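Please find the structures below.
You will see chain A twice below: alongside chain B first, and alongside chain C after that.
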Partner chain A sequence: MAVLVDITKCIGCESCSVACKLYNELDFKSKPRNGADELDDNRWTVIQQHTTRKERIRFVKKQCLHCKEPACASACFSKAIQKDEKTGAVVYYPDLCVGCRYCLVACPYAIPKYQWDKQFPQVAKCQMCESRLEHGDAPACVSACPTGALTSGSRDELLAKAHQIIASDSRYVNHIYGEHEVGGAEWLYISDVPFEELGFKQVSDTPVTQYTKNYLSKVPGMAAAWALFLAGLTYYNHRCDKNKKSDDDKK
Partner chain B sequence: MKAYKCFRILGWDFTITPTRFVLTGLVLLMAATVVLRLLTGFQYVTNLTDETPWGMWIAFDVMCGVALAGGGYSTALLVSMFRYEKYAVVARGALLTSLLGYILVMAGLFLDIGQWFNFWRPFVSWGYTSVLFEVFWCVSIYTTILSIEFFEIITERVLTKQLHRYIVRILPVLVVIGLVFPVMHQSSLGGLFLIMKERMFPLWWSEFLPLYFLMSSFFIGSAMVAVETSLAKTAYGHEIPHHIMVELTRVGGRIMIIYLLMKIYDLFTMDQWGYVFQGSLQSNMYCAEMLFGIIIPIMIIFSPLARSKTGLLTYAWLTVLGVIFNRLNCVFTSMYESGAYFPGIGEFIVSMGLISLGVLIYCFLVENFNIIGNERAVQIKIDKDKDIKNLIWALLKRKKR
Partner chain C sequence: MSNNLSRRKFLKVVAGSGLVGFGAMVTGCKGDSPDGRGWIPDQYQGKGDFPVNLKGRVAIAASNPSIERDDEKCILCGQCIEACQNVMAVYGNYPLPLKMEVACVNCGQCAMWCPSGAITEKRSIREVAAALDDESKFVVVQTAPATKVSLGEEFGMEPGSIVNEKQVGALKALGFDAVFDTCFSADLTIMEEASEFVHRLTSAKDEIPHLTSCCPGWVKYCEYFYPELMHNLSTCKSPQSMLGAVIKSYYAQKNNLKPENIVSVSIMPCTAKKFEAARGEMEVDGQRDTDLVLTTRELAVLLKHRGIDLNTVPDAQYDSILGESTGAGRIFGATGGVTEAAVRTAYFMVTGSNPPAALLNWQPVRGLTAVKEAAADIPGAGTVNIAVCHGLKNARELLDGIKKQGSSKWQFIEFMACPGGCIGGGGQPKSTVAAQPEARLKRIAAIYREDVNAPKRCSHENSEIQAVYKEFFGSPLSKKAEKYLHTTYTNRHDRLFD
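Right after this comes the complex of A and B.
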C-alpha cells in the first residue's frame, strides 16, 4: 500500500494530523518537543508551511516515508522495526525494542522520535495505521483528507498516475519525490514547486542499507581467514619452540 | 620509598590513599545517579534530544572505552602471535585494562538503553542485518574470553593449582579467538556509521570507516599502554625499559602512517578537498583532528624526539586524545545541525564514576595479583609538593640550556 501526496492540493487544514492523533491515541495536550511544526513522540505527522521563492505558500505533510529499503529496520539489532511484506508499512514492535536509538540516527530523514520523558521510553513514528491497512482500509490521515491531496493505492498504480499528472499538467515539477530516493519509498510526493524549496532533503538514490550489506557480507569470510591465519601462526610458533627445545636437548 | 597504609582483610590487601577516597566518593555519586536514571528514564539525568539521540555515554564511554581497551588485543597480537617477546612485560597490564574497559563499556551501554530490562532481546531476536548486532555479539563473547584469559592470573593465587593447569592448556585457543573478536568489532564500530551516510558530514563518512576504526584502535592501543605504564610508574615505581616502549609505540606509528595515507586517498577519490578548507565548524574540527591527532604524533614518533620520555609521552597523549576526538566528531560534530546538545551533569557524573570504578578495581587487582612486571605492586608515597618543585626546576634548567 502506498500513498501519493499532491502538494498542490493541500490547504494545510491539519485534518490528517488530528485523525492521526485520534486513531493512534496520541496525547493532544503534550507540548511540542522539537518546535510546533516538527515531529515528536506525540506528533507522528505534521503539516509544515513553506513560502517559496515566488512568495507562494505551500503545505507539506511530513511523516515516515516507509522506505522500500528502510534504514531503521536494517539498523535494528533486535528486529523491533520490520517492514511488513504485505502492506509495505514499516512497523515498530515495542516489546522487542531495547532502546538503543540506532534507528533514530540511521534514518536518512531523521523521522523516528523518542519518548524522552517516559520511565521506559519507546520509539515513536508513523505506523501507516497498519491495522487499518490489513483490512484494506486507507491510513487514517488519507481517509480524513478533505481536498484529495492524499490518495492511497498500490505503489505501481500511484506511480503511473503521478507520471500521468506530471505529463498532462506542465505546472508540475518533473520529479516524484520518493520514487528513487534512498531506494524509493511507499509515500510519493508531486509538487509544482521544486522540492528543495519545500524542505525536502536531497539524498542519493543508493539505499543506505547497501553500505551495511556490503560490509556485513564480507565479515564472515574475513573473520574466518583471519582466524585461520592466527591458528596457523600459533601452530608454526609451537613447532618452532619444539624444534628449538629438541636442538637444545641434542646439545 | 615509603608505602601507603595497607589494610589486610581476609588476606586481601586494601591500600587507602586520599585519591582513592575521592574516587570512592565519585563511585557512590554515580551509584545514586544510576538508580535515578534506571527508575525515571532519561529526562532528569541526560540532555539527550531527538536531534542528538546518542550522547556522551555512547560517544565517550562506549566508543572511546572500546578504543582505549584496544591495548589488550594489539599487545596480545604482537606478543603471542608475532613473538615480540620483549613486549611481554606489558601484556598482563594491557589485558587487565582491556577487561576493565569492556566491563565498563557494557555498564555504560546498559545505562544508555531505554528499555534496559530488554537488554537480552538481541540474543533471541536476531537483527542480523544490523552492524550493531555484530558489535553486540562480539563484545559479549570477547568480554567472556577476556575474563577467562584473566582467570589464568587469578588462578595463580586463588583456587587450585589443577584448575590453573587447565586454563593454561586452553589458553592458545582462547588467544586466537580473543584476537578474532576484537578485530571484528573494532571494525564494526566504524561500520555502525556506514548507514548514516545521508546524516554525516562528508569528511567523516567513508566506505573505509570499519578499517579506519580498526587501525585507530590499534595505534591508540599501544599509545594507551605507554600512558598506562607511565601512570603505573608514578604510582607503583615500576619501570619498563624506555626503548621497549618506543619500539612498541612505533609499531602503532606505522599503522598511523597508513591511516593518514588512506584518509588522503579518500579526499581525492571522493573529491572532498573543498570541504577540508571550507572554514566551517566541521571542517575546522576535521583539520584539528588530523593535525593534532595524526600528523604531529607521526612527526614525534619517527623523530629523535621519541627517544626522550617527554617526547614519547606527548606522542601517547596526543594519539589517545586524537582518537577520542575522532570518535566524538563522528557522533556529534559530523551530525551537528543546530548544536543544542551539551552533556548534562548526570552524564558527566556517570562517566566519571565509571572511570573511577575502573581505576579502583585496577589498583586493587595489581596490588593483589601478579600483573605489573609479573609481580604484586605496592603503591609508593610521593611527596607531591617536592615532585612539582623538581619538575619545574627541571623544566627551567632545560630552557636555560
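Right after this comes the complex of A and C.
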C-alpha cells in the first residue's frame, strides 16, 4: 500500500494530523519537543508551511516515508523495526526494542523519535496505520483528507497516476519525490514547486543499506574463517603441547 | 540459601533471558505495534475513497484574528466545512494550489456549527478584564443590536428575550465607565448611508447598485471574490467603527478625555468584527476605532466569571451622549433591517417628510427568505428596486446572476454574511441550537418588537444624532464626516487568484 501526496491540493487544515492523533491515541496536550510543526513522539505526522520564492504558500505533510529498503530496520539488531512485506509499512514493535536508538541515527530523513521522558521509553514513528491496512482500510490521515491531497493505493498504480498528472499538467515539476529517493518509498509526493524549496531533503537514489551491504555481507564468511583459523591454531598448540609432553615422558 | 548470587548463576540467568529474547525474535513473536488503539469517526472506515458527504475540517491559520481551534476537541465531523462551503460559499471557491492565503471571511459560522466546541472565537476576555482593572484607563463599551435579543439565552432565558436594560446594568456592574449603544451609531450610519445612496441615485449613477457595507464578513467576501464591485460598496464604516471613531473624537473632546486613555470595547454578535477592528483602515489620527471586541458568548463568560447574573442584575440606561437610538437603528440586527432603516431616512431626505406607515412596517424585506425583493416608491426619486440577501452562498448566486446579465435590476442591495443577519452571527450564543431557524425567527421577532416600541422610528429623528451633526460633523458626507465615518477597501482578489 502506498500513498500519493499532491502538495498542490493541500490547504493546511491538518485533518490528517488530528486523525493520526485520534487513531493512535497520541497526546494532544504534549508540549512540542522540536517546534510545533516538527515531528516528535506525540506528533507522528505534521503539516509544515513553506513560503516559496514566488511568495506562494505551500503546506507539506511530513511523516515516515516507509522506504522500500529502510535503513532503520537494517540498523536495528533486535528486529524491532520490520518492513511488512504484505502492506509495505515499516512497522515498529516495542516488545522487541532494546532502546539503542540506532534507528534514529540511521534514518536519512530523521523520522523516528524517542519518548525521552518515559520510564520505559519507546521509539515513535508513523506506522502507516498497519492495523487499518490489514483490513483493507486506508491510513487514518488519508481517510480524513477533505481535499483529495492524499490518495492511497498500490505503489505501481499511484506511480502511474503521478506520472500521468505530471504529463497532463505543466504546472507540476517533473519529479516524484519518493520514486527513487534512497531506493524508493511507499509515500510519493508531487508538487508544482521544486522540492528543495519545500524543505525536502536531497538524498541519493542509492539505498542507505547498500553502502554497508558490500562489506557486511562478507561478515559471516569472515567470522567462519576466523573461527576456523583459531580452531586450527588451538589444535596446533594442543598438538605441540601433547608432543612435548610425550617427549618429556619418553625422557 | 546463600545471599550471594554466584557468578555462574548470574551468567546463567543473563544468558538464559538473552536466549529467550533471541528465540522470541527469530520465531516472529513481535507483539503488537503501538498504532491503532484509538477512535476515529465511522465515516473514515474503508479504503478512503468511499464517497462521504462530510469529512475533514476547514483550515484555520494561526494568524486568524477571529477564530481558533482546539485540536483536542476536534472530532473531524466535517460540520465546519458544511458551514463554510454550503452556507458561506467560501471553502471550495478558491483555486488550488493556494496563492498567498487560505480564504477566510472571519464570519465564525464554523464555530456555530462545531458540535464539540473545538472552534471558538479568538478570545479577548482577559484583555478586557485587564483594561477594566486598570484605573488609569477610561473603558467604554458599546453593544450591538443583535446582542440585546440573544445574551439572555446564555442565562437560561428563552430565545427572543429582550435584555436591553439588563445588559447595560450588567456592563455597569462589570465596571465600564460608560455604556453606549451601537444602535446610536446605526442611526449615524443610516444618516451617512442614506445620504450617500441618494447622492448615488441622483448624480453618481455608475456607483449603482449601492451595496451595503456594515457586515465585515460580506465586505471581505466582496474584496476576495468581487473586487470589481468594490466601488459599489458604501464607503460608510460599520456602526461599530463609526461609534469607535466618535467616542475617541467627539465624546473625548466633550468630556476632556485623552483619546489614548480610552479603551473602546464592543460587544458584537460577530467574530468578523474582530477582524474589522484590526483592519488598517479603521484608524483616525493614529487612534484605533475599536480596541477590543467581545462576542456575545465571550461577554456571557466574563459576566459569569465575575459572578454577575443577568436575571438578577438591576436595569440601567445607556449613557448619553451616544446612547439614544431609534427603531431604525435597532433593526440593524436582522436581515433587511439596514435596508428598511435606510429607506425610511432616504424617503425623508428626498421628500422632507416621514415615510408612510407601510414603510415603517415593511414586510417584503423581513423574514428568512434567501433573497428578498422589494420596491419603494419615493416621490421625487421614483421607484427604488431593492434586494436583501443573507448567507454568502445566496450572495454568490445573486452576484453571479448580476455578472451574467451585465446589469442589476436593483439599485440597492443589502448583504449580510450570516443566515438571518447579525442575530445569526458567528459570535452568538450556542446555548440555543445554533442552526435552528426557529431560534433565529424568535430573535428577529424580538428585534422588530424593539422597533415598534421605540418612541422614534427614523434615524434622522434621533436627537443625539442631530446634536452630533450640529456640534461636530456639520452635515452628512461633510469633510469631517468623511474623515471619521467613511473608509476605503482593500482588493484581496490577487491573494487567492492569479
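Please note the rule applied: the second predicted complex is superposed on the first by the 219 of 251 C-alpha atoms of A that agree within 3 Å, B and C clash if a C-alpha of one lies under 4 Å from a C-alpha of the other, contacts with A are read in each partner's own complex, and residues count from 1 in each chain.
The rule we apply is simple: a residue touches a chain if its C-beta (ideal position, glycine included) is under 8 Å from a C-beta of that chain, and two chains touch if they have at least 3 such contacts.
The model shown is predicted, which means the values in this text are computed figures rather than measured ones.
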First, second, both or neither for A:78, with chain B first and chain C second: both
Touching partner for A:154 - first (chain B), second (chain C), both, neither: neither
Partner chain(s) touched by A:119 [first = chain B, second = chain C, both, neither]: first
Chain B versus chain C as contact partner of A:164, first or second or both or neither: neither
Contacts of A:30 with chain B and chain C, given as first, second, both or neither: neither
First, second, both or neither for A:243, with chain B first and chain C second: neither
Which superposed partner A:56 touches (first chain B, second chain C, both, neither): second
Which of chain B and chain C A:96 touches, first, second, both or neither: both
Which of chain B and chain C A:192 touches, first, second, both or neither: second
Contact residues common to both interfaces of chain A (with chain B and with chain C): 78-80, 94, 96, 122
Residue numbers on chain A that touch chain B, as the complex places them: 33-34, 40, 71, 73-80, 94, 96-102, 104-106, 108, 110, 113-114, 116-122, 182, 201, 203-204, 208-209, 211-216, 219, 223, 226-227, 230-231, 233-234, 237-238
In the complex, chain B residues that touch chain A: 39-43, 48-51, 53-54, 80-83, 112-119, 121-122, 125-134, 136, 172, 175-177, 179-180, 183-184, 188, 191-192, 194-199, 207, 210, 335
Contact footprint of chain A on chain C as seen in their complex: 21, 24-25, 29-40, 44-49, 55-61, 71-72, 74-76, 78, 81, 96-102
Residues on chain A engaged by chain C in the complex (per definition of touch): 7-9, 11-15, 17-19, 21-26, 28-29, 55-59, 78-80, 82, 91-96, 122, 124, 127, 129-132, 136-140, 142-147, 150-152, 171, 192
